[in-house]
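Read from first to last, the chains carry the letters A, B, C and D; within each, the first residue is number 1.
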Amino acid sequence: QGAAGGLTAIINPEPPVLVLPINQQIPTGTIGGKIYESLLSYDFELKPQPQLAESWEISEDGLTYTFHLAKKAKWHDGKPFTSADVVFSCNVMLKEVHPRARGVFDRCESITAPDDHTVVFKLKAPFGPFLLAFETSSAPMAPKHIYEGTDYRKNPANDTPIGTGPFKLKEWSRGSHIHLVANEDYYLEGQPVLTEIFYKVVPDGASRSVAMETGEAQLSQFADIEPFDVPRLAAMPNLKMTTKGYEFFSPVLWYELNLRKKPFDDLRFRKAARLLLDPKFIVDKINFGLGKPATGPIASTTKFYDPNVTIYKTDVAAANALLDEMGLKKDANGVRTTIKFLVVPFGEFWTRLAEYFRQAMKQGGIEVVLETTDPGGFAQRVSNWEFDTTSNMLYQNGDPALGVARSYISSNIRKGVMFTNTEGYSNKEVDELFDRAAVLTSDKERAELYSKVQKILVDDLPVLWMTEQQFPTIHDARLENAIDTAIGVNGTFGRARWAS
Amino acid sequence: MSLAAIFSRVAGIVITIFVIATINFVLVRAAPGDPAAVIAGQSGATDEKFLAQVRAEYGLDQPYVVQLGAYLGKVATLDLGYSYRLRRPVKDLIAERLGPTLLLTLSAFLISLLGGVVFGALAGVRHGKISDLAISLLALILYATPVFWFGLMLVLLFSIKLEWLPAFGYVDMRAGSFGPFAYALDVLKHLCLPALTLGAIYMAMYARLMRASVIEVAAEDYIKTARAKGLTEGAILRGHMLRNASLPVITFAGLQVGAMIGGAVVVETVFSWPGLGRLIFDAVTSRDYPVLLGLFLVMSILVIAVNLLTDLIHRLVDPRLAVR
Amino acid sequence: MTLLSVQNLSIALPAGADRSHAVSNVNFDIEENQIVCLVGESGSGKSMIAHAILGLLPPGIAVDGGALMFGATDLAHLTPAERRNVRGDKISMIFQEPLTALNPLKRVGEQVAEAIRTHQGAMPAREVTAKVVELFQQVGLPDPERLRLSYPFQLSGGQRQRVMIAMALCNNPKLLIADEPTTALDVTTQRQILDLIKGLQKTHNMGVLFITHDIGVVADIADKVVVLQKGDIVESGSADAVLMQPEKAYTRMLLDAVPGKGAFRQAGEPRPPVLEVRGLQKKFVTRQGLFAKPRETVAARDVSCQLAPGDTLAVVGESGSGKSTLARILLRLVEPDAGEILWHGKSVRQMKGRELRDFRRRAQIVFQDPYSSLDPRLKVGESIIRGPIAFGVGRVEAKKLAEKWLERVGLGPQAFDRFPHEFSGGQRQRICIARALTLRPEILIADEAVSALDVSIQAQVLDLLNDLKTEMGLAMIFITHDLRVAREIADRVLVMRKGEIEEERPTEELFENPRSDYTKRLLEAVPGRAFFAARAAPA
Amino acid sequence: MNDSIRTFLRQPSGLLGLAILFLVCLAAALAPILYPGSPWDMVGAPLQPPGTAGSLLGTDTMGRDIASGILHGASVSLMIGIASTIAALAVGVTLGAIAGYAGGMVDRLIVRFIEIFQTIPNFVLAILLVAILTPSISTIILAIGLVSWPPLARLTRVQVQSIAAREFVQAARCQGLGSMSILLRHVIPNAISPIIVTGSMTVASAILIEAALSFMGLGDPNYMSWGYMIGAGRTVIRMAWWASLFPGLAILLTAVAINLIGEALNDALNPRISRS
């Protein structure tokens, strides 16, 4: 076998569509990332690298970004990729169908195309992380000639995605597999190496491990492999495991308390709860060693992380003392108070997390009753603030301004919207620090502000941060260069190859 | 079957489907919270525009009776709704999963019926002997076994310990490149454990019934007649006992089809069999109600179909029914 | 030449059975071209002997002494294969119940053909079919070509029994064993089958072992009689000898117990009726399905009759003629479609509440099946006293009453605390009578109350009823399919056919001088008529 | 009744069933004493094999003691089994008795209704009910009860019908007994025993349905149940067979015991067998 050849990978769950511009769920990102591209890619340190944009420059005042596009880039249907497509995507289509992209591009005064291969973004105000907005899932380029003037979500072309990426969709057998083949006309020299990629839909966790074990599949990502199976598979000689390639996402997991309600509004209670919990337990026993305890709101894998904050150690006695101080007395059964926990309805991991929370709180005499709902009800209840406690995990999307601030700033307390400041935390100082940090362009200045905000937040405990989640990518030991950007398995795989 | 009988049969089926559809309707209305939010639940965030669209589609602003009527109308035109989670019409989702489920349930049905009849007959004929005791005991135990657990234990034994059969799935992932024969063989290999799991439990049930039935039939006068004719015991078993004794088993099997399809849901979950049951599991874990309700209806119709089939078999076996 | 010689035959029963041996030391011979009748009460071991000959004894029961010499072979000691060769070939057998003796799921022709193929080896299908058709013709089945393709349920009882006979004859057996082949049939059909067997026996020169409990049947067909009592032979010999000059008391008792030989009862003066029935109509409609046409059965069409105190009205007729339905209508267990029932001139159909209960108390019924007419969960005494208690009698008193009646029907007060299953059929029937009588009824309806009983017990129950009737001035409606029983007990007889009254006359007139053809046929079919007439004459 | 008890006790299989069931009840009763903590407590390292580190039957993925879970789960399984059977009996017997005794149009309607419910794949309906009403102990009982009644109704109807047609019932009517007392004293006592038998077996099937629901993730998250344990252990079956084996055995044994008892009851309540 030479460097070329086919790759069989696992996909779970089956993506609803492959058109990345209209759907950004994880599996869509993984497969769509081979078909669609954005202007930039990012290395493991989140430094921008060329993709559809060969080069770019930023004006002094940090308000104008000019991108020079790859001249040979073509859509899969043979039409050339031009700056008109970029303007259409960023200024029209994504604003309509992609809430996250809308958030970023709404900051632009104008998006224009002086010539076929140049695009100019003019910002209303400086925005520090603007260059991080051109990750594939965040701003996938859509072909103007197909989507302009149509109902994007109902466009029949959604069944035959047309992108600029190194792989094209050949066949999608629903419920079974998605077959991608190499794009012969790809604009980057010598790419792609692989001739085809099969994404097999394997809904069952155990079967996924078996498939990896037997070599039926050669690549798995995100939560494909159940945590307890990871060490075993990682130890197999024919497989390799890496947690690299998720830097852009860097998810942080936390328990969320509804600060509008008693006793969660009392900092002593939050501190006590935090002292009862042990992030190590989640890492070791629920995650089987993957991930690491989080110290605060910003993940250690991203730029502005500051480790010098208050460190909470598990301390049951101290927790009980705090609760006593609050005047929450134990009754005959040793129960101080009974609270509810809304279990996240997305599978076993979340159930375990809820069960752990219940047992941990019990040590402080806090009885937790688990409530279950369906995803619809869950979203509805959380976004409408109808819960006591729950758990949550958010991607940081490369920059605190993109993925962290949204959970803590009071301007983002938006009833009815998921992934906002649903816990209801409000602190003027924090608001101000986040706002200022977003519009600065100097990393050094920004780092200072983010350090400050981290200290305040960790002392204030708006949520109980537990872990920085890590995902295992497990692949055939002979597969090379697949994970070479900060979005890892969601990358283009243009350089992925077999070791000869 | 007379025309009138066919007519009343069809009417019965229509009524049944109508009732099931009504149950569906009531259930969606019984779900806590705004039905529109429930139906739209899969969209992650509750998007007002989307809710309005759902409300209009289901006519949730209309009076109940009108809504029920509209819903039944949709069912009548085979419109089972739309899965917002999977962004596809429920009808399509079900259609592509129907094959594996049929394969699984039909083979399990055959295994259970054949096995039940054979083992039950064996035990019945050897009434009171060791082999009867062994079969009866085994049947009793199997009958009391949770299906999913039995499946897991089979996986533990045959896939993990002995490594004879694949533990999960429908075909090998590489099967796309196999020839048609190798492909079929591979599916067959994957089918073994799930079909056995689902079949065994019902086999136990039928074996128990068959045993009792054979013992009863053995005491019938016509068996004495057959003996008095000078037939060998084998000929008596084959020619006179089996058919008569299996009648109650067939009737019962017809009644059990519903339960078996329910069992398939669990078995498909255990073995990651890409059928309707698996779809139900996914739909349950994500509470994809349109899919759940559609599946419920389709599975009920499946039961009706298999019931008709058993009826047909019954008629073939029992001339008294055929003439009437 | 002796065909089968039963020598000192003993058949052991398993432990826990009612006796140690089903039969012991039984000796008799069957000659070629001879009909040997085996008679005896239920449980005397008749079937056991028949089954032993073919090696068909049920599991746990075995021949434990003696020999069954069939020519030079001892049938009691054959290997399974040898036994199969004998069965259905040299010796064949017909059973009592024609409905259950045929496989319900196989065409009757096929069932006969199977017997042929089993013993005559491979034969072209056409030949087998031809043989079957020929056999069917021989046994008098109509349209054999079509009939052989029928299933048993499509044939009447008599036709099924003919199929059984054809099956038994298909390999020209030397010996035919018939175990009560006519008991389940109507008298007229019984007559035909008896004639058929007798005829075939003549043409085929067969030896026949005919088992029956009916002395009348014996008298009609037997060359030789073997009388069995509790497993022992009481008497055996040529039919003439045994029937005309019975030596043993038991045989005499059997002969005397046959009902319907004494003088006719004379109807008394006409008195005002207790019960009068006018123009009863009843149609049963069975729904087949939602849209299928319902099936209708006429169970009563314009039925009228009267019953005076102290009178006994016998209702006779073939199975399904509507006798039981009439009884049920009278008691308002079934509502008629039209007609009047008058009790002392009051309309029973208008009655409600107290009045109805009062009527019910005065009109009691005894059912045919002594097994299902007692609540299996209640002690016998309890079943009896519920009635009086329901009418306000105190428990202690009711118990006294019940004990009195139990004694009166010959059971003794200790029966009070036992469960129904601890009694024999005859005893149960007496309990039912006691239950009915504790309420001191005016009218007693007996629906086939003695049909399930052996002749000797039947005679006892009939006597009991007769005594009680005269004693209490009961009016009785006695339903039976047995004309001899009717003759024994009734003042008047009502003949029913398909829900209609064929004839209603005083008993003597009807028997001496029947008017309707149907009644004539019924009378002619009664087995042993000539014999009993002859026997009665000199007495 | 004494006869029935005697016959019951004469049957070794029935006794065995009783003994096992007794053990299960004992386990349920002793759970708080033998394992005073909650079965959710994480007592040791995860996935410890049986017999190690003080855990008799090993620990599950979160280090919870399997033995403790099984003991505490016993009462949950029994409670759900019995409660949902009572619910099924309430619906089934009432409908069946009405149909059997009333006859005619009412009977036809009820029969039709029963038939429809028998057509519906009952486990799927149970899933649907629990999923939509959100899983909790009461919705689970309700759902299992709602899907288990048709066989009971059918049986009750046939029983009532056949008993009501028996001659001894007609005889009782002729004795002047009122309808109510006939129903209570003759029909029900004679009809009840198969219903008791089937009812007892329904407990076993209810336990199985509950287990399957929990296995599918539709159990009440606040109660440790055997089905939940198997479901939670399923994914780790390759490295921790004990996590699913033992709870499965517990279900199996309980169901076998109940079935054995049911069969023995069947014989015991049959007067012909019990009193001969």
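In the analysis below, contacts are C-beta pairs under 8 Å (C-beta built on N, C-alpha and C of every residue); 3 or more make two chains touch, one makes a residue touch a chain.
Chain-to-protein mapping (UniProt): B, D = Peptide/nickel transport system permease protein; C = Peptide/nickel transport system ATP-binding protein.
The model shown is predicted, which means the values in this text are computed figures rather than measured ones.
For chain pairs B-D and A-B, the one joined by more C-beta pairs in contact is B-D. Relative to the C-alpha centre of chain C, the farthest chain centre belongs to A. Chain geometry summary: the mean Cα position of chain B and that of chain D are 22 Å apart.
Note: centroid distance chain A to chain B, computed from Cα atoms, is 41 Å. Centre-to-centre, using mean CA coordinates, chain A is 89 Å away from chain C. In whole angstrom, the spacing between the mean C-alpha positions of chain C and chain D is 47. In chain C, there is no position where the chain touches two or more neighbouring chains simultaneously. Shared interface positions of chain D, i.e. residues touching 2 or more other chains, are given as 131, 134, 217, 234, 237-238.
For chain B, the set of residues touching two or more other chains reads 12, 32, 285, 287, 289.
Taken pair by pair, the chains that touch are A-B, A-D, B-C, B-D, C-D. Chain A meets chain D in the complex at residues 205-206, 209, 226, 228-229, 232, 281, 285-286, 343, 348, 351-352, 354-356, 358-359, 362, 369-374, 377.
Listed in rising order, the residues of chain B touching chain A in the complex are 32-34, 37-46, 48, 85-88, 92, 96-97, 166-169, 172-174, 176, 272, 274, 278, 282, 285-287, 289.
Residues of chain B that touch chain D in their complex: 12, 15-16, 19-20, 23, 27-28, 30-32, 140-141, 143-150, 152-153, 155-156, 160, 255, 258-259, 261-263, 265-266, 269-270, 280-281, 284-285, 287, 289, 292-293, 295-296, 299-300, 303-304, 307.
Those residues of chain B lying in contact with chain C across their complex are 2, 4-5, 7-8, 11-12, 220-222, 224-232, 235, 239-240, 243-244, 247, 317-320, 323-324. Residues 38, 40-42, 46-47, 61-63, 131, 134-135, 217, 221-222, 232, 234-239 of chain D touch chain A in their complex.
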